[in-house]
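Think of it as A, B, C, D, E and F in the order they're written, each chain with its own count starting at 1.
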Amino acid sequence: MPYVNIKVTGGSEAPSKEQKAKLIKGVTDLLADVLHKNPATTVVTIDEVDMDNWGIGGETVTERRKRS
Amino acid sequence: MPYVNIKVTGGSEAPSKEQKAKLIKGVTDLLADVLHKNPATTVVTIDEVDMDNWGIGGETVTERRKRS
Amino acid sequence: MPYVNIKVTGGSEAPSKEQKAKLIKGVTDLLADVLHKNPATTVVTIDEVDMDNWGIGGETVTERRKRS
Amino acid sequence: MPYVNIKVTGGSEAPSKEQKAKLIKGVTDLLADVLHKNPATTVVTIDEVDMDNWGIGGETVTERRKRS
Amino acid sequence: MPYVNIKVTGGSEAPSKEQKAKLIKGVTDLLADVLHKNPATTVVTIDEVDMDNWGIGGETVTERRKRS
Amino acid sequence: MPYVNIKVTGGSEAPSKEQKAKLIKGVTDLLADVLHKNPATTVVTIDEVDMDNWGIGGETVTERRKRS
């Protein structure tokens, strides 16, 4: 019955369809392994957040990526 | 003063403008009826989640819909 | 398959067990009525937020309640 | 280490790139000032919510804006 | 830089300290494996939700557990 | 009309009542300054997350604090 929300950067860094399927499978398996949660009712949602809308260290990821 | 967030599948399953208005009205009325919350300050947001980004039973809704 | 999160004030304003059951039933029915969502996979979580931890109009609900 | 999520209306009311950078900087500074949190690990995400998907007072922001 | 939120039932079903550490390690590794995300900036929060505050199938988990 | 959620570590690191009031005032002012949002309808909630339930770098904050 767990609910999991995963936020990652989108745009040019967005995960592929296959990578999203792997995240969903992986986190569902993890909850079954560690907490014996029933995979049938484990819900996962993935949010792809624009790099202008994600901040760390007081600046947007867009700015941060320019320097690296 | 309640805050409600509703996540539903988007894309070809996305609710119409009218359906979203009904959800907002319905949940605001429910909070007024059950908890006597003031509708004026009840806030509702609706997220439409892509079917590749929603998982249940360890697979994406995209995969699940193909089988049904 | 919808996921709904409801945040209301807790503490002395916390909903009772019966009120929480009514909110869960009501919002699940609403999603079935408006969007034909299957109640079996509709998930609802309720957060009770302390009045010191909820702000509106730039002040905590605790302060706001003192004046009313 | 704080995590902050800011939801504002999008579409024609969406914040500009510069405004989003100011929100991220401002909230990171606020957490450093008030709670001495390290800016390096403060994470902020901004969600721009469509005006059809945001409700207050039992109606969508789209409807509300029409009257004002 | 990902942010993950995991909601599970609390109370008598709450995960132990060790199980929570395993969930955090597991989901951080998953994001490194699938998306090459840097573990140093992967943030995970776990919410333990009271069984009266979690609904599925239109009823609380408390009610559901009584029947099983 | 913005909605802001702030998550910080709780327990021995929990913000005081006064600090929470400052965060609410500060973030409401920031949204008024940067985006001209009406403070009257700006809603802020603060979650205090147990250090066993917060992970960064693949480990709990509890473990991390022991080493520093």
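In this section, a residue touches a chain if its C-beta (ideal position, glycine included) is under 8 Å from a C-beta of that chain, and two chains touch if they have at least 3 such contacts.
Everything quoted here is computed from the prediction, not taken from an experiment.
Chemist: Compare the CA centroid of chain F with every other chain's and tell me the farthest one.
Modeler: Greatest centre separation from chain F goes to chain B.
Chemist: Comparing residue numbers, which of B-C, A-C or B-F shares more than half of the contact pairs of D-F?
Modeler: From the options B-C, A-C or B-F, the copy of D-F is B-C.
Chemist: When A-B is set beside B-C, which has more C-beta pairs in contact?
Modeler: Answer by contact count: B-C.
Chemist: For chain A and chain D, let me know how many angstrom lie between their CA-based centres, rounded off.
Modeler: The answer is 20 Å.
Chemist: At which residue positions does chain C touch at least two other chains?
Modeler: 1, 3, 7, 23, 27, 41, 43, 45, 54, 56
Chemist: Between which chains is there touch?
Modeler: Chains touch in the following pairs: A-B, A-C, A-D, A-E, B-C, B-D, B-F, C-E, C-F, D-E, D-F, E-F.
Chemist: Given the complex with chain E, which residues does chain C contribute to the contact?
Modeler: Chain C residues touching chain E: 17, 20-21, 23-25, 27-29, 39-48.
Chemist: Could you list, by residue number, the parts of chain E that touch chain A in their complex?
Modeler: 1-9, 15, 19, 22-23, 26-27, 30-31, 33-35, 37, 41, 54, 56, 61
Chemist: Quick check: in the complex, which residue numbers of chain F touch chain E?
Modeler: Checking each residue of chain F against chain E gives 7, 49, 52-60, 62-63.
Chemist: Taking the touch rule as given, give the residues of chain E at its contact with chain D in the complex, in rising order.
Modeler: For this pair, the touching residues of chain E are 1, 3, 41, 43, 45.
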